[in-house]
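The next block holds one structure in the form of C-alpha cells; read it before the comments.
Lettered A, B, C, D, E and F in written order, each chain numbered from 1.
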Amino acid sequence: MADTTYDILSIGAHPDDIEVGTGGVLIDQVKRGRKCGIVILTQGEMGTGGTAEIRKHELHAAAKVIGADIVKTFDWGDTRLEDSYDKRLALATVIRQTRPRIILAPYPHIGHGRRQSHPDHVAAGVIAVNAANLASLRKVQIEGERHLVTRIFHYFLPPGVYPHFVVDISDHFEQWIAALSAHESQFLNPEKSRDYIDSLTTMAKSFGNMARCRYGQGFVSVEPIQVKDILCLVEGQEGYR
Amino acid sequence: MADTTYDILSIGAHPDDIEVGTGGVLIDQVKRGRKCGIVILTQGEMGTGGTAEIRKHELHAAAKVIGADIVKTFDWGDTRLEDSYDKRLALATVIRQTRPRIILAPYPHIGHGRRQSHPDHVAAGVIAVNAANLASLRKVQIEGERHLVTRIFHYFLPPGVYPHFVVDISDHFEQWIAALSAHESQFLNPEKSRDYIDSLTTMAKSFGNMARCRYGQGFVSVEPIQVKDILCLVEGQEGYR
Amino acid sequence: MADTTYDILSIGAHPDDIEVGTGGVLIDQVKRGRKCGIVILTQGEMGTGGTAEIRKHELHAAAKVIGADIVKTFDWGDTRLEDSYDKRLALATVIRQTRPRIILAPYPHIGHGRRQSHPDHVAAGVIAVNAANLASLRKVQIEGERHLVTRIFHYFLPPGVYPHFVVDISDHFEQWIAALSAHESQFLNPEKSRDYIDSLTTMAKSFGNMARCRYGQGFVSVEPIQVKDILCLVEGQEGYR
Amino acid sequence: MADTTYDILSIGAHPDDIEVGTGGVLIDQVKRGRKCGIVILTQGEMGTGGTAEIRKHELHAAAKVIGADIVKTFDWGDTRLEDSYDKRLALATVIRQTRPRIILAPYPHIGHGRRQSHPDHVAAGVIAVNAANLASLRKVQIEGERHLVTRIFHYFLPPGVYPHFVVDISDHFEQWIAALSAHESQFLNPEKSRDYIDSLTTMAKSFGNMARCRYGQGFVSVEPIQVKDILCLVEGQEGYR
Amino acid sequence: MADTTYDILSIGAHPDDIEVGTGGVLIDQVKRGRKCGIVILTQGEMGTGGTAEIRKHELHAAAKVIGADIVKTFDWGDTRLEDSYDKRLALATVIRQTRPRIILAPYPHIGHGRRQSHPDHVAAGVIAVNAANLASLRKVQIEGERHLVTRIFHYFLPPGVYPHFVVDISDHFEQWIAALSAHESQFLNPEKSRDYIDSLTTMAKSFGNMARCRYGQGFVSVEPIQVKDILCLVEGQEGYR
Amino acid sequence: MADTTYDILSIGAHPDDIEVGTGGVLIDQVKRGRKCGIVILTQGEMGTGGTAEIRKHELHAAAKVIGADIVKTFDWGDTRLEDSYDKRLALATVIRQTRPRIILAPYPHIGHGRRQSHPDHVAAGVIAVNAANLASLRKVQIEGERHLVTRIFHYFLPPGVYPHFVVDISDHFEQWIAALSAHESQFLNPEKSRDYIDSLTTMAKSFGNMARCRYGQGFVSVEPIQVKDILCLVEGQEGYR
C-alpha cells in the first residue's frame, strides 16, 4: 500500500466493531468527501455466529456500504488480543502509511465483560494509543515517515462513562443500519435470540437524546477538545426544548 | 432596543468577568463577522479598585476593544447577587430580545470564595440558566417572542472542574490583553500588589496547554457537545508531540 | 386525610413529572399490592400546552391508570418553585400523614434548563430532602407523629449523572405509555412538533439497556444501597450476553 | 467435579481474601440455603505469616465456618499473579462447572500497594472478568456448556472508590470473625504487631455506617444494578435518624 | 471583643457540630499552643434532646474540654438556617475580629437529610464560604480591617465524598470522647436508642483506616493543598503494611 | 551500594522525567538537608534528540544541579517498558537499599500517548507501585531487609486528573530551569520546533495558580494524606485574594 493521507482511521478488534461504534460517523465523513480507513485487529473467529471467512465477507460488504477502505486486517486472535510491542509496531506502521488526522479506537479501560468492555476491545484501545505514540517517534525502526495523529477519540464507552461529544448521524441512520445488517451472522442471525438491530438503534437514540439529535454516536476525548470557531459546536442545530 | 439576533451572549456578574472568561472567544467571533453581546448583572461597586462610574467607563472601553455590544447592564448589587424570579424574568427578556444561539455564563456551583467561584459568579450562572429556561416558555409574561438558546457553556471553572473544550485564542492574545488592560482599576492598579496580567496570561496558557494551543479559554458543557462534522474538532490543528 | 402508611411517595414539581420519572415503578408496585402516593408541588400552569384545570384532570386520569393516590397537590407556582421553610413544613406534614418507606424525588442539583434539571425540578428535590428531614424531628411544630423515611431515591438525572439502579418496567410498558398519554396536553399535543412518546420510550429503553432489561427507570441513591439478600439484585434476571 | 449450579462464586487471590471481602455475605447466603463456592488463585505462600500448607488448612477451616465449598484452588504464584489467556481459560472452565449467578471478585484497577489494591488482587479481578466473558462464548475450546453469569460485583475497593451497595452482615458478625480467625497465621499471629481483627471490624462498621446497618460488606457494580421490586432495597430496614 | 489572631476558626450550625467534625483537631492544636475559636450559628433548639439553654451549657463544657474559645454564638434558627447577605456580613465581622488562618466549616453541597448533609450544615458551609469572601473586601461596610483567610477546609462529608486529608487524632481520642460526652443531651441521652459514641468512634476509626492512623478526622480542600516541605506529609508516620 | 536511608526516591522512565515532574521538589528537599535519590528505568534511547550516551551525561549534569544521587539506572527499553515480575524484584531491591520514606512515581493509568501518559510512564508507575509492595514482604527472595515506604505520590498527571497537593517551588525556579536545561538534547535542541522551557514553565505556573503560589509541582495521592499538624498545610502562606 502506498502512503496515503486519511482523514480518519477507525480501529476495531473484531470485524463489526467499527460499524457499531463509528459507522455513522464514517458514512457522514465519506459523504463529505473525506477519506476513511478501517483497521481490524482480529478475524472475529470466536464469535457465536459466523466464521473467519464469513466475517471477512461481511466486513467487506459493510465497508462498501460505508464507503470506507479496509486498510488492514490483522489476525491477532479473537478473545485473546493483548497489547505487545510487536503489535504496537505493526499498527504504528499502518498509521504512518495512512497518516490519519483522527483515530477512532475503543475505550482503553477494563469494565465488565460485555460488549463495551470486552477484553479485546480494551486491548485494541491500548494498542491503538500506544501505536499512535510510536508512529510519531523518529527513531522507531519501522517503515514510513513519522506521523503525528491530531486526536484520538474513544468509542465503546463502558457503563458510567459519559460521552464528551456526540456526532449527529440522523441523516445516515438507514445507511448505518444497512452497514450493520451486512454483518448478517452477528446481527440477523436467527440462532440468536436477541434483537441486535433494535438494541443498536436504542444505543444511537440514547446518544442522540443526550445531545439533542435523533440518532448519534458518542465519544470520549481524554484531552479537552480544541475548538477554533465556537459556533461549530451549534452548527445546524436548533434551540432546545 | 429592537430585537436582534446575536450569535453569542456573554453574561457576567461584574464589569470585567466576561473579558477574563470569554474575551478571547468574543474577539475571535467578532473577527469572523459574528454578532456578540455582553450583559453585566452588577456594577462591580465593591471591587477593591474603581467605582461604579469608573468601571462603567472601563467596561465600555473593553467592549470597544473586543468589538462586542453591551446589550444590558443591571444593578443587582455587587457581592450580594442572588437568584430570584424577578431577575430571571428581567434577564429572560434580554435573551428574547437578543436571541442568542450560545450563552456563555459562569459555572453555577459553589466552591471557594476566590475568583472562579465568587458567590456573585455562582449566582450569575444560576440566574443565566434559569432565565434561558423562562425565555423559552410561551406563557411567561414578558415581552418578546419565545426563544430557545441552542447551548449554554460555562466559564470560571472552580478547582477540580476540568474544561470539556478549549477555544484557541492564540491569534487574539494581544487584543485580549488590551481588552483586559482597559479594566485599569482592576488589573493595572498600582495599589494592588498582585500581577494580574501575568496571572491571567498563565490561565490562558494553562488552558492552551491542556488542549495543545498557545493560549486558550476553557468551558464546560453540561450536556455532551453535539457535532455535525467531526473534522471540525481538529480543524486547523497540527498533530501532537 | 387520616394518617395512612404508604410504601412509596412520589413527589413531582408538575402534574406529569412523576409519570415520566417514576410511573413504571409505581405501576409495578401497585400490581404487587403496595400503596403508592403522589404529591405535586405546582399546578403546571406555565406549560406550553394545557391549563391548570386541564392538567388537573390529566393528572387524575394518569393516577387512575397507575393505581396510585394523589395525596396532595400544592399550588406553589410553576417556573417559580423555590425551597422555603414554610414549604418544607407543609410537605413534612404530608410525609407524616403518609408515612412512606421510600420517597422518590427529582435530583436536587442544578444542570442546564432542560427537562432533567428544570429549576422547578431542582427545587422540588431540595424541598423533598429537607421536608423528609423535618418530618423526623420531634420538636417541629407540625401535625402528626415524627416519621423516618427509610430511603430517598432521585429521578430526573441531569446529563453526566449515571443511575445507581434501574427498575425493570418491561412488563408495565404499555400501561406506562397509557399513563403518559393521559397527559394529552403535554405529550399528544398536535401543536407541539416533538414526538414526546417516542422520546420517553427511548429514555426507558436507554435505562433498560444500561441494566439489561427492555425498559427501565433509573435512580440515584446518594447513600450506598443497603441490601439484606444479595440475590435480590439478580432476581428474575438471566445471564448477560 | 460434576457440573453444579452455584448461586455465588467468590474468587480471591489468596486464601484469606474471600473471607475478608465477602465472608459475611457468604455466611448470610448459606443460612438462606444458597449454594456458595470459593476459588483461590494462589496458595498465599509469600504471606509474612504461614506457609502454603498451613494456609490451605486455614482456608478449609474458614470455609467450614462459612459453609461454602472450596471448588478450586490454583497455584498461580503469590505476588506474581498475572492475567493470561491460559488462566482465563482455566477459570472459565470452573465457571462453566459451577454455573454461578453472581461472581464476587476483587476490584480490577490498580491503586497503591496495600491490601485493597495488592497487585495480585488487581490481577485476580481482571482474570475473573475476562474468564466470565470466555465462559459465555460457545466456540471457546474448554469443557462444559457455555454459561452466562448474571452479575459480577467487586470487593476490595481501593481508596476513593465508594461502594454502590452494602450487604448487611450484622446478624453474622460473630461467625464472620470466627471465619477470619481460622486464618490464624494471618490475623492472630503474635509476630505481627497490628491488630487485624480490630482493623477488619472497623472496615465492617465503616461500610455499615455508610448504609445504616451495624456491620456491612461493600461492593461496586460497574453496571447499574437492575431491580425488579424497588421495595427490596428497603427490606427489613428502619427509617433513618 | 478586641481583635485577636486565631490560628483556626471552626464554624458549626449546632452546638455539637464542631466537636463531632473538628474536635480532635482543635484539641491537637490547643496542645501545640495554637489559638482556636468556635462559632455556632444556631442554638440547636430543635434537637430531639436538650433545649437551647441546656445545649449552651453543654457547648461551654465541651469547649472547656477542648481548650478553645467560643468566640460567637448566633441564634439564626435551628432547622431553618439559610444563607443571606446579612448573615454573611455578621459572620464576616467575626472573621475580621478573629483573623483566622484556617476556617473549618461543613461541606456546602446538599445530599440527603442525615447528619452529614443536614440542611443547616449545608447552609452553614455556604455562609462560611461567602463570609470569608466578604471579610477580604475593603469596601464592605463592616467593622474591622479586611482579612484574608488562608484556607477553608470542609468537614461533614456526605456519602460519596472522599476526604483529601485526614488529621491523626489518635493521641487525643479520649479527650475527644470527653468533649463529645459533654453534649450529654445529644450523645448520652437514655431516651435515644442509638449508641452515638460508638457510631462517632467508628467514624474516627474509618477516617483513620483510610489514612493509616488509629483515629482521624477527614476534610475536603476544594483547592489543591499547598505544601512547602513535602516531608511534612509523612511526618511521624511509619511505613505501611 | 551499601544500604542507606533516603528521604525521597524519585523514579522515572526516561533520563529527564524526574526533573520535569519532581525536580523542584528534590531541589527544595536537598536544600533542607534531605537525602534524595533518582532511579531511571530506561536509557531514553528512542528520544527524538540525544542518544543513550548523551542522555546519560545530561542526567548526571541535571542530578548535580539538583543535588540528588543517581542511585540506579536500568536499561529496560525506551518505548517498550513493561511491568514484569523480574523488574518489580529488581526495583524492590533498590527500594530496600535506599529505604525511602516517600516514593515519587508517574501516574499509573493510561490516557493518551502524550508526555503525561506516555506508555513508558504508565509502566514506570505500575512497576514502582508493585515494587514497593514486594519490598515490604519478608519472604520475597531479594537482598536487603524488608522496607515499608510510607507514601507513594504520583506525578505526570494525565488530562482530567487534578492534583491533590502542589509543592511550592517558587524559591527554586531558576535552579529547576537549570536542571531542565542540562537536558540539552531534549529541551534546548534547535532541531525541535517547540519551546519546551516555555511549556514547562507554564506547567509550573499552572500548578502554582491552582494552589496559590508562583511555581509549583502537582501530585496525586491515591490514599488520603495523613496530617499530624493541620497548620503545616498553611505554613508560610499568606491569605488568598
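Simple rule for what comes next: contacts are C-beta pairs under 8 Å (C-beta built on N, C-alpha and C of every residue); 3 or more make two chains touch, one makes a residue touch a chain.
Only a predicted model underlies this, so the values are computations on that prediction, with no experimental measurement involved.
Colleague: To reach chain F from chain D by way of touching chains, what is the minimum number of steps?
Modeller: Minimum step count, chain D to chain F: 1.
Colleague: Going through E-F, B-F or A-F one by one, find the pair whose contacts repeat those of D-F for over half of the pairs by residue number.
Modeller: Copy of the D-F interface among the listed pairs: A-F.
Colleague: At the place where copies chain A and chain B touch, is the share of residue numbers found on both sides over half (same) or under half (different)?
Modeller: same
Colleague: Tell me, please, which chain's centre (mean of its C-alpha atoms) is farthest from the centre of chain A?
Modeller: In terms of C-alpha centroids, the chain at the greatest distance from chain A is E.
Colleague: Quick one: report the Å distance separating chain C from chain F, using the average Cα coordinate of each chain.
Modeller: Once rounded, the distance between the two centres reads 51 Å.
Colleague: Need the CA-centroid distance for the pair chain A / chain C, whole Å please.
Modeller: The computed centroid separation for chain A versus chain C comes out at 38 Å.
Colleague: From the mean C-alpha coordinate of chain C to that of chain D, what's the distance rounded to whole Å?
Modeller: Measuring from centre to centre gives 36 Å for this pair.
Colleague: Among the residues of chain D, which ones contact at least 2 other chains?
Modeller: In chain D, 109, 114, 136, 159-160, 162, 210, 223-224, 240-241 touch at least two other chains.
Colleague: Just spell out which pairs of chains touch, all of them.
Modeller: In this structure, the chains touch in these pairs: A-B, A-C, A-D, A-F, B-C, B-E, B-F, C-D, C-E, D-E, D-F, E-F.
Colleague: Quick one: which bits of chain C touch chain E in the complex? Just the residue numbers, please.
Modeller: My answer: residues 85, 108-109, 126, 129-130, 132-134, 136-140, 152, 222-224.
Colleague: Considering the complex alone, what residue numbers of chain F touch chain B?
Modeller: Residue list for chain F touching chain B: 114, 159-160, 162, 194, 199, 202-203, 205-206, 208-210, 240-241.
Colleague: Would you pull the chain B residues touching chain E in the complex into a rising list?
Modeller: Within the complex, chain B touches chain E at residues 45-48, 79-80, 82, 109-114, 117-119, 158-160.
Colleague: In the complex formed with chain B, which residues of chain A make contact?
Modeller: Its residues touching chain B are 7-8, 25, 28-29, 32, 34, 101-102, 136, 147-151, 153, 162-168, 207, 210-213, 216, 218, 221, 223-241.
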